[in-house]
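Going in written order, the chains are labelled A, B, C, D and E, and every chain counts its residues from 1.
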Amino acid sequence: MITYNPKDWFTFIFRFHKADTLRQLSPLIIAICIYSWVITFLELHIFMLSKNSHITNITTMHTLLSFVISMLLVFRTNTAYDRWWEGRKLWGSLVNNSRNLAIKLQSMLPVEEEAHRAFFRKTIPMYASVLAHHLHAESTRLALDEQEHTELNLDSNRHMPNQVASMLMQRVNRLYEEGKIKGDQLIILNNELLSFTDICGACERIKNTPIPFSYSVFLKKFIFFYVMTLPFSLAISLGYLAIPVVAFIFYVLASLELIAEEIEDPFGSDENDLPMTKMASNIKKHVAEIIL
Amino acid sequence: MITYNPKDWFTFIFRFHKADTLRQLSPLIIAICIYSWVITFLELHIFMLSKNSHITNITTMHTLLSFVISMLLVFRTNTAYDRWWEGRKLWGSLVNNSRNLAIKLQSMLPVEEEAHRAFFRKTIPMYASVLAHHLHAESTRLALDEQEHTELNLDSNRHMPNQVASMLMQRVNRLYEEGKIKGDQLIILNNELLSFTDICGACERIKNTPIPFSYSVFLKKFIFFYVMTLPFSLAISLGYLAIPVVAFIFYVLASLELIAEEIEDPFGSDENDLPMTKMASNIKKHVAEIIL
Amino acid sequence: MITYNPKDWFTFIFRFHKADTLRQLSPLIIAICIYSWVITFLELHIFMLSKNSHITNITTMHTLLSFVISMLLVFRTNTAYDRWWEGRKLWGSLVNNSRNLAIKLQSMLPVEEEAHRAFFRKTIPMYASVLAHHLHAESTRLALDEQEHTELNLDSNRHMPNQVASMLMQRVNRLYEEGKIKGDQLIILNNELLSFTDICGACERIKNTPIPFSYSVFLKKFIFFYVMTLPFSLAISLGYLAIPVVAFIFYVLASLELIAEEIEDPFGSDENDLPMTKMASNIKKHVAEIIL
Amino acid sequence: MITYNPKDWFTFIFRFHKADTLRQLSPLIIAICIYSWVITFLELHIFMLSKNSHITNITTMHTLLSFVISMLLVFRTNTAYDRWWEGRKLWGSLVNNSRNLAIKLQSMLPVEEEAHRAFFRKTIPMYASVLAHHLHAESTRLALDEQEHTELNLDSNRHMPNQVASMLMQRVNRLYEEGKIKGDQLIILNNELLSFTDICGACERIKNTPIPFSYSVFLKKFIFFYVMTLPFSLAISLGYLAIPVVAFIFYVLASLELIAEEIEDPFGSDENDLPMTKMASNIKKHVAEIIL
Amino acid sequence: MITYNPKDWFTFIFRFHKADTLRQLSPLIIAICIYSWVITFLELHIFMLSKNSHITNITTMHTLLSFVISMLLVFRTNTAYDRWWEGRKLWGSLVNNSRNLAIKLQSMLPVEEEAHRAFFRKTIPMYASVLAHHLHAESTRLALDEQEHTELNLDSNRHMPNQVASMLMQRVNRLYEEGKIKGDQLIILNNELLSFTDICGACERIKNTPIPFSYSVFLKKFIFFYVMTLPFSLAISLGYLAIPVVAFIFYVLASLELIAEEIEDPFGSDENDLPMTKMASNIKKHVAEIIL
């Protein structure tokens, strides 16, 4: 993830960072420019269309639909941002949860129980790194796909985060049964132990459930037809100026869709994705500071 | 459900998948084209309306209303998406819940209690499959309809998910009364046992309560009148170009409504609906991995 | 409540159901038509206004404001829908809650305690029917009005749902003090007992707090002036076509406000309101199935 | 607060209630009318500007900005409404909470403990009236202001709601230590005792944190410049009709801001504010009905 | 933070407060004015473009995109406001939490335990001041940046809020093990002890996770190109009036972005940021009032 100073406008406007949509879209923008040039050339010099030609009024269509395409794309970006932010919240909870569990165990376990302390010092942060690994796996993304994916060999390997959560729960229960922690203490440890699995399930949900297929198809078809029909009317009213105008409109609409695509899955390895490995190592550092 | 790669634009734009609204709407789009052709033909060749005719200014109405129809449809899609996503969250909770209950029971039940272990290994995942079946049933969808549905024979069959939840609760309570689990452990098992019924009730709510009837009626009447009056003014300003323009506007508006209709009930058997059977079998697999 | 098949467009568009806003608004639509006819007649034949008259440009005002009126009405409908959906969720929780309490008591109460079982089998569903009755009462709606409503005789009758909740709590507490249920079991019964009153309070909130008075006044004045000034400019550009155009715009705007009014109070007896009586009888059926 | 029948359109449109924004804004609307008249007179009769004058095209600016001003104001109103509704929810929780605490204590306290019963019958509703008083105080509103407010003498008086909450907690704890209520009962009383302070803190947050200062400044400057530049272009296209048109646009925009200002602080003494005194007396009545 | 009277319009419109975006943007606005003057001069006097020039129709592009830029900026501001409000809520919870913990400990600790009382009287408010300090630190903002920041010396210093939370938890646990508080009391203290770390983690999340980088880059590029191309078409239709018009449009769009930037990080030291130091001292005052 890139942390930046939002007030440094100059850099934002004139540098072309790797994660900049302008850079990613530049081949397509060039293609659109060529396409617009062809249409303009044909309309102005081959068909010699005048300003009274019917084709100029196609702008009416673009105006009527400009609201709906704008709203759709802005909502699309917002929904994607909500998923991204929910992912960030879930990992934030994982951090809190690991810390709280460590703080509690530090105060409950007697100083001499070095073995148990070492176990928790290692296993609590392990959950985060196992989860990060689990979310990067292709098999997690395709868990609910309607097609079979035999190449992924899904059945042979166990669900690792569940195994770690189970280990933690069993150790706490053993401590309870050996009388090393009391019932009241077991009750207050319960929440943290549960949350691990809840967080894992919620991350899996974001990972394996993209926005509905027909919605995604519709949006892409809509942008495509909208931009492709733009030069027809603009060529007449704007002449060769239509080329940069169509390119700019395409840049805006496609950027929104592109940003949405990138951030709707916050557990990938894009520039904008969550730094899960970093967070897991932060958890490790903090837990080690707490459980002495 | 279809899991897809959102970055593969080419496929999205040029293939006609079964769940594509363009495919579903194609008969209607053809009808609209014929209708527009008739109107255009009449206005241009029979009534010979000129550009000064009053009818050209009907565009004013379409412009004034284009905001409201766009916003309504985008909000409609968003509300439907929220229902779909809530459904997905509920099933996500069911997964988490089943896993957590399994993890806890695995650590609490002594290894020798094979009978109890077998009971939970079977009954926990059974809840998910019984619920999936319950949500597919027509009787669940019509549970709150104001008309009587005697053909469904509602009274004779019991509410199955409740029966499974009751079985689980009774078994846990028996373990408590036999002293096999302690009071503190009963307290921490409570949340998971409750959640099953909460999830079931929330799914039933989404299933049996569509958006208010008058809202749905209004939206469909509005789209119909809006599109039907479009060719009157466009025929004059656009000539025969009005035909594809009206068709495209219709495609956009109707697609939004169509997508909303499909995703507002996430528990059906559409392409976009939640893969409940797959999820239930995943739960079965995971619980079996946990309770040894 | 009406459960319907959202995919049956034909019926939606061509039938005039009782809950259809087109039917409810038809007298007003006719009045607007007459008004528009009068304005058009005056402008065209009495004052003989030409296309260059200043009055044509009033459309500028309608265009500038069309966005704000659209957004206001769409947000209005959405806020109303949120209240309606919150009401539905609350009754959904009541269902879950009643079921969960029944499931727990069924497993905790020994089989021979027939008297207690009968008490809960009767009293749990009673809460739902008492609440439905309470929410229908005019006195509940006016509970926070600034005027005194002596005619409603508010002081003489007690708050019935509270009395039922209190009966349930006392019985559970008696069971605890008689040692028939243990402390751990009391703790896990607590949540359900609380929720009854929480649900009741939240329903009362929706019932007795409409959206702020000045907002509601403003919205109605705005729609009125907006529609009333429409024919002035449209009469010149559209001639007698202004009549159906104004009528259609009025139909759209007024429908949105009308739908919002109907669904913002989900506890009335409109077509779109929640079927509280049906839900209460469902609760009765389910509780009787669970507590044997 | 005013409870009203939303379906009575006639009254809404033709009566001028005290809380009606039209009434509050009427002096300003008259001022705007005079201002517009002056501009129109100057442009038409002194400077004799023609329709080809550049100034007519300022409408382009108003059109480009009409979206942003509309959206800002509608969102502004919605954010304010959310604060108002959150305030209402918090007081709803206070009602539920007081009732639940009363219901629990009624069932737990033995009938002969008249002194304790009298204490709770008095102190539970006292929290609501102390909180109402606390929220009306100027010192609560200014608690986080960056300027010192020595005139308010903030340090001398204690935080009253905290004192009442502390009294309740101490009495419950004394009952526990005297063995009059058991540990399990203490645990289930805990939630209600906590919520009082949570509700108080949340109400204070709404009261002492208005929307960010720069946002509020920007919005007012924007509305002012937008309306002030309107007559320049409208005077030419509309003539003296510009006067009512500008007045109406001003009425719409300023009403939205005015309504937002009124409802964003739900704990004042405006017509639209929450009836805290009434709610406190309702709590008193209900608690007295429950604790016998 | 500035607490203000929202009804004092005059001051808002005519004074230039330090936090006013008009003041912050004034150098840029002047630059834009010069730029617009240059373009206008070139088009009118050097290139002598007429009204029929293609360049006038660039307005079409601005109209088509005005909706998307408006929505993006309004949503941007709203997302930023949500972060700011979430930050405020978190600090509100910290206040509630500190109060509740103090209220509980005051009632549980015997009067003679002066040492423990003094400890909590000092340590509870210490959490708030340590957290305020932690959130102001540059190292907290950059915790998840992908670049290494060796200059910040992150590894040498411990996470202070965790240390304070750990101290509180250990003291409470010691009281429990020494039998000074009972198990039931430990359980009801648990929530407050947990919340400290939860609040800290959530504040860190807001601090170290800005909105995604590509979104921020795109928005700034979009505003820049949109405003820079405005004078091309406006110069012809508006003449030198284009200068104030472009400046005003720039003021509106840039203000929205500027406000969003300021409020999206509520834990800085801007005028609009949360008064954390003041809140921490309020907590200190209240806790001292409660724990005697």
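Criterion: a contact is a pair of C-beta atoms (placed from the backbone, for glycine too) under 8 Å apart; a residue touches a chain by one contact, two chains touch by 3 or more.
Which protein is which chain? UniProt says A, B, C, D, E = Bestrophin.
Nothing here was measured: the structure is a model prediction, and the numbers come from that model.
Here the CA centre of chain B (Bestrophin) is 36 Å from the CA centre of chain E (Bestrophin).
Distance from the chain B (Bestrophin) centre to the chain C (Bestrophin) centre is 22 Å, each centre being the mean of its Cα atoms.
In chain A (Bestrophin), the residues that touch at least two other chains are 63, 67, 71, 183-184, 187. Taken pairwise by the contact criterion, the protein chains form one closed cycle in which every chain touches exactly two others. Ring order, beginning with chain B (Bestrophin) and continuing to chain C (Bestrophin): B, C, D, E, A. Across the complex, chain D (Bestrophin) is touched by residues 54-55, 57-58, 60-61, 63-65, 67-68, 71-72, 75, 79, 141-146, 155, 158-159, 162-163, 165-166, 169-170, 172-174, 176, 183-184, 186-187, 190, 194, 197-198, 200-202, 204-205, 208-218, 220-222, 224-225, 229, 261, 264 of chain C (Bestrophin). Note for the complex: chain A (Bestrophin) touches chain E (Bestrophin) at residues 1-4, 6-7, 9, 12-13, 17, 19-22, 59, 62-63, 66-67, 69-71, 73-74, 77-78, 81, 84, 88-89, 92-93, 95-96, 99-100, 103-104, 106-108, 182-185, 187-188, 191, 234, 237-241, 245, 248-249, 252-253, 255-256, 258-259, 262-263, 271-272, 275, 278-279, 282, 285-286, 289-290.
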